[in-house]
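We just call them A, B, C and D in the order they show up, numbering each chain from 1.
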Amino acid sequence: MTLTAHHVVLPVALPLLVAFLLPLVGRLSDGLARLLAQLTTLAVAVIALLLWPAASDGGALVSAMGGFAAPIGIVFYADKLALMFVVALAVGLLLFRPRREHDSTKVQTLWLLLLAGGSGLVLSGDLFNIFVFYEITAVATYGLGASAHTGAGYGASLRYLLLSALGSAFALLGIALVYAAAGTLNLADLSQLAGERLTGPMGLTAFVLMVLGFGVKAELFPVNTWVPEVYTAAPTRVTAVLAGVVSKLAMVVILRLLVLLFQDPAALGFLLLLGAIGVAAGELAAFRSRDLHRTFAYSSIAQLGLMAVAFSIPGHAGVLAGIAVALHHLVVKPAFFVLADRWRGEIAGLTGAGRTSPLAAGLFVLLSLSIIGIPPLPGFWAKLMLFKAAIDAGGAGNLTAVAIILAATVIEAAYLFRVVGILYGTAPAGRPPLRFTLGELAPGLLLGAVLIAATVSVAPLGDGLTAMAADSADAAAYASRVLPGGN
Amino acid sequence: MTLLADLILMPLVAFVVGLLLVLMARRVRAKIERRVGPPFLQPVYDIVKLYAKKTQVSHGVMHDLAIMMLLGGFITAEIFLPVPGLDGLAEHGDLITLVYIMMVPMLGLALGVGSCANPNGSIGISRALTAMLAYDVPYVVVIVGACISYGTTNLIDIVQIQQQGGPATWGAATMPILAFAGLLATHGMLGKEPFEIYIAPAEIATGPMTEMSGKYMGALFVMQCFQLYTVGVLYTTMFLGGGENWLFFLPKVFAVIFISVAVTNVYGRYKTDDVIRWMWKWPTGIALVGLALVMVR
Amino acid sequence: MSDTTPVIPDQPEVCRTVDAEERGVWRRVMDRFADHCRARSLFVLHYCTGCGAIELPPTITSRFDMERVGVSPMVTPRQADILLITGYLSVKTLKRVILSYEQMQSPKYVLGFGSCTINGGMYWNSYATVKRLDQYIPADGFIAGCMPRPEAVQQVFLDLMKKIDAGQANAWQDYYLNYDRYLGNQMALFGEEWHTPVDVIAEAEHYGYVGDGTRGRFTEILDRHAAYALRDAPEDYPERGANERLLP
Amino acid sequence: MPFALPFDMTSLDLLMAIAAAATVLLYLFGTARLGGYLATLLHGAALAVTVAMGLDLAAGAGAIPSSLRLTVLGQQLAWTLDGLGWFFLLLTTGAAFFSSWYMAGEWGRVQQRARIQHGTLALNVLTMVLLLSAGDLLGLFIGWEFVSWAAFAMMIQAGGPATQAAYRYMLYALAGAMALFAAILVVHGAAGGFGFDQMRAALPDMSTGMLWTLFALFAGGFGVKMALVPTHLWQAPAYSYTPGASSAFLNAVSARMGLFALILSLVKLIGFDTLAGLRIPMTGIESTDILAWVAAITMVVPTYIALMQTDARMLLTWHGIGQGGYMLLGILVATPLGVAGGLLHVFNYATYQMALILAVFAVIHRTGTADLDELGGLITRMPLTYVALLMGIIGLAGLPPMNGFVSKWMIYKALIVTQQPLLSIAAFVGTLGTILSVYKLIHNIFLGQLRVEHREIREAPWSMTLPMLVLAGIGFVTGFAPGLALSIVDQAQAAMGVALLPHHLGGVVLATGSLNMLWVVGVLVGAIGVGALIFYVLGNRRFETHQYDNYAGGHFLSADIRYHFSHEFYPGLARVIGPWYRGWVVRMEHGLGVLAEVSGDLWHGVFRAAYTPLYVLIVAVLGLFWAGGAGGFGS
């Protein structure tokens, strides 16, 4: 079966549709609803995969809603980058489908909404649509964040809601400013107008507002205070998806904004600043934190900061580094959360846990090594690309950022291997051993296997990513594909 | 053939001269104490008596080996220490080599004493090594300064350089401050008062010698001869121009030892820590000043 | 006190027995030479048991200067040739004296200094002092008097030197040859548990000084608890004592 | 290679294959009954290949390439081994061979996880091969990380205090690695690539500031591994708590990888000439002077810290740090004599330090402790181990006739000839401290009174004594005929681009005083023979007594009396220099930790901001203010 540009809408539309149907089906049978939801998720993954060859042939698949071409119509733009994240989201949702005690038709509905919103975020070629999908995603996330039905969960979710709502307002304000300045919200159209209309204070203000707005989801530095609370209080599987996949989707949006709209050095500098502070803040806070969930949450902030630094480097080298970091984090962080699920509470209480479950501890070491960036694991190559891009771009800001990241790496190793030391310590007598069932550990192991596979095939992967990044960083190509007749 | 003669003669000469030096030391001490002092052959009597003991108690193989290392080390040192007419193997090992060869008997003694399993001995060695650290610091400064000044570490060359212009080119004349520091360090090296805390007979029962009897003790007496000789000759070689012949050479050696022995008797005994403090303060300080002068020149 | 009765010889035995090794001319010359040197180099153990010690400083220092004749003080028994018993010996001190004597290397000489070492002197009726030194260790000479003057001390040294030079100061051999007798006397005083860490019999065997009196009924008692030697320590040998440093 | 290899393999390929196979095989079968001997066999094969490579290099092969090639993200990675790498490789495979031999018998059988020990050892060898044959800076960095983490794996396996020590090591190593990362990035920025040639080509155009940066980053990054002061704190505990043969391996070669990389980066790539041109303005102090003084401090301070140790392993490992200073100092002299001395010291140190560590672990194997206050008198129980330790300490102290003397002599000599009095004094003073310290080591373990609880101890098994005796034997032979080792050093020196030092079998001939160890050792041995002759011919036969027949002021000794002097062996010295140990490096390290904790706390506080909306508003206002400023509202 070959899919064409028209099917690009499917990853958004299908889950949205099913999400609305699901409460009805749920009345009949919870099991059926769950099955339906998961089948839908699977379908989205399959569709995205099937779209892949077509997307790679022509660079991207562009679908204009209702046949109205851009800039008037609403456009969906599926390049390899977007499709990859759709697949990642769908697979992530499948892999981390809710545990039975947290599961219900409502949760499944939110799950599908998340899928729809997330897919929409990356696929949409229109600023306002992006905002809409961002909101859908956010709403789904509030619900999921509270789905553990604990006080802490509700509290964290509420806090997140407040922050996110403000963030959305900022984003909307930013979009309004863009509209005011350029008169259009189509990204392709904007990319052609950006040079003349989005520079200066107006454009920058819009950018800052949008970054702060979307940054809430992307865990960017000042607006990420919700992260540790929610990631700790939410069901771990939700956390895994949020930290692993959803945050990257917001980051992709910011990437699109940067590439297409704001190639202004000031804007890039702003993101660099936020990213660098995010790295330092995240790692230091993680160093201080005393339980695994929080540690990983902070670490996640730092990794997103890393991505921001990468995207702030102009040219495709930075984009490549950012995508690499994102993909790496996408594999590693969910696996970390799988481990944190069983190893709850104070880290100090985990003494000797590694001896009772060697496989889990081994996985922890593998993931730690990769996230620290030890060759030959993928994390190293990602960081290498980031550094190379930064150094080649030059400039005091970039060099400072590299220095900060290098120093932060040491801190990262400090807290991760502090845990390793505790895991392999001698357990105090009389405490029941913490053991993983294979089922619990399976998603983590799968991701670990992916990591190793990536290590082995790092050369072809690198080539693929380079092509993808080059394509994503090419604003002209974007415009030419979306706008009829090209330019 | 000359070499073979050197190999045999040099240690023998050293031993005989050493006996005389020991005798001188004891006579000088007696004179200062207004005594008559021992007869001429006393050092020989002592050594023969000790070797002639009919029972010889050993504390194990290492105890015996130590005695061999002791003698072997000093015999080697003598062979690498050029004296008038006898160059030995001095061109195959220089001043630095000699300094380290001289540590072999020390190490041997230390090992032998240790294997006696007597804490008095171990304490003695601990103090002796500490004292070594104390006096070797200024001594090292002196050696480095002298070597840099002469531009060589070859002892034969060092002697030749000094003999070029008579006493004016002696080390003592060209670098008097270093030479003075060297004399102070030499005194410490001889283990005479006030630096003989490691012997301390009334406190630790002569320390390293506690368990030494018979020929073991005898070897230590022999070692004393070698030690006086080596220290004296080394100083003479470094700062007093060696000697064209034995007639000029020996008086210098005796003078060096005499200064030390004559000074010794007016002192009490320093504690180990005071030995270090003194050695690291005065001789080292003086030697560093001397070194600075050498470097400036 | 046990059933071991003290054995008190009426007359010290003549101590000179000729070594098998001493027959050759060369050996004789060497021996003569050695004796010559031995006589001229005498190290005295710094072990002052009683009040007579006060007479030693003048003997050694500038007034009389013993170094003139090769006598000098030494600190440990290992290094010494002469054990000078300067006065009375309490029972407790005697134990130390015996140990020190055994740790000295032969040829070794014992000089009794003052009347106390000869007959108890002014302590003749004390329960705690030893009356006759030569019952416990063989003595080469005595200095009578209370106190003897330094001149007398010198005289005994000179006499001893003459004896050594003539090869006649051989009391030390008696200790090996008649060890059982000396041990018996010691045991009579100290009890059957008495022993020193020094293995006198092994030494005698090693150097060929075993005589008929070396072994006997008292050395048999010794054998029963001669466990000080590490190599044949029995199972019940005392383990680490209370003075062992306690670990944290 | 003396024989043809299949599939166009080079000898380097073969070596890599052996090392890789060893890693896998030993991890799987290391615990098996003959696993230890398999390990010895494999490492022996690696050693043989290394030796064969040496013959090739000596025949003028230049460098031995590997067929292994990777292209990742546009980066070419290739491996090739030159003389310098080969020199260190010889030490690596040699050390691995002796370590595995030591582990092969009884030692391995009583270990809980021999498999892991064997596996990590082989892994270390493999990673070191990759590091030593790195063909560009990226390969160097990757190899560097490999080696660091392989060592970490080796250290952490023992658990207990080893975990903490390994953790500390890891942080230091990673900090060093990050400095190195920064360095190669600087190079990449300037040269546009990671190749050695690219770097050399870009050097002339680099600014002074950039050169200083490179110098500092390389020296700092690699210096951590060498435990140059002030980054030395990790090494002693990390190496000490690693079990047995692994510890010996780490001691012998692991820290030397830092030296290798320093030589590679500073000497081969940047070059002495460029470094000499790098001066602190107004003072005339060259960059190498700074490093030389760091080396001198490393030589002296850790040595005197070693002197105060009460654990035999710690004592030796602290000395290991100090000895590293000698090597670096020798190389920094930059004359053929100095460089040869420094490199020779690397070789010599490997032989005697391994023998020493193995001997100490043999003692631990038998007695269960390395506490210098808990041992004594073992010479009668473990004479062979004693011999190995004795020869080792003579080497470590740098006295004739062992090889340690030769290399130290060359270093002293080079310093004196180049008129650097203070550095040479530092070198001498370090040696003096070493003599004190090693005597304490051998005295407290082997001499003095034997404890009652050690009465029944047997000599270590042959599988353990033989390796250390062979190592000590190598130490003696290369002390007797240093020309043998100097020929090996020549390979490295040639690859470094430093003029070779003319030498003969017995040593060197110099105008300013020569050294011929054939004579020195020959005479010394002969003289000791004379000493023996005197001892046996003159005087009566000896009578061997036991330890309780001993002078104690008339006191009766028995087994319940501890009559041994071991605790605080140098009290006088301790009273003088004790107050000088201010522990400022320890406090600095602690301060860094506190700084991290406090800043962590700070950020942790930020993330717990209570009034979220207010906070976000503030953030937004700040952001807009910035946007205004950056966008030029004011202009």
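The rule is simple: a residue touches a chain if its C-beta (ideal position, glycine included) is under 8 Å from a C-beta of that chain, and two chains touch if they have at least 3 such contacts.
Since the structure is predicted, the reported quantities are computational estimates derived from the model, not experimental observations.
Determine which of the two chain pairs, B-D or B-C, is joined by the larger number of C-beta pairs in contact.
Most contacts of the two pairs: B-D.
Starting from the mean Cα coordinates of chain B and chain C, work out the distance between those two points in Å.
Chain B and chain C have C-alpha centres separated by 36 Å.
So, what's the distance in Å between the C-alpha centres of chain C and chain A?
About 95 Å separates the centre of chain A from that of chain C.
Counting in whole Å, what is the centre-to-centre distance of chain A and chain B, each centre being its mean C-alpha position?
79
Which residues belonging to chain D are in contact with no fewer than two other chains?
Within chain D, the residues that touch at least two other chains are 450, 540-541, 543, 545, 547, 549-551.
Scan chain B for residues touching two or more other chains and write them down.
52-57, 205, 210-211, 214
Residue numbers in chain C touching 2 or more other chains?
Correct list: 76, 78, 103, 203, 207.
Okay, what are all the chain pairs that touch?
Result for touching pairs of chains: A-D, B-C, B-D, C-D.
Can you list the chain D residues touching chain C in their complex?
Residue list for chain D touching chain C: 373, 450-453, 455, 540-541, 543, 545-551, 554-562, 567.
Note which residues of chain D are touching chain B in the complex, please.
Touch list, chain D to chain B: 377, 379-380, 383, 386, 390, 394, 397-400, 405, 409, 412-413, 416, 419, 421, 424-425, 428-429, 432-433, 435-436, 439-440, 442-443, 446-450, 506, 511-516, 519-520, 523-532, 534-535, 538-545, 547, 549-553, 563-566, 569-573, 575-577.
Please name which positions on chain C make contact with chain D in the complex.
Checking each residue of chain C against chain D gives 47, 76-78, 95-97, 99-100, 103, 196-199, 202-203, 206-207, 228-231, 233, 237-241, 243-245.
Quick check on the complex: what are the chain C residues that touch chain B?
33-34, 37-38, 40-41, 46, 61-62, 65, 67-68, 70, 74-76, 78-79, 81, 103-107, 203, 207
Chain A touches which residues of chain D in the complex?
Of all residues in chain D, those touching chain A are 70-74, 138, 141-142, 145-146, 149, 156, 159-160, 163-164, 166-167, 170-171, 174-175, 178-179, 181-182, 185-186, 188-189, 596-597, 599-604, 606-609, 612-613, 615-617, 619-620, 623-624, 626-628, 630-633.
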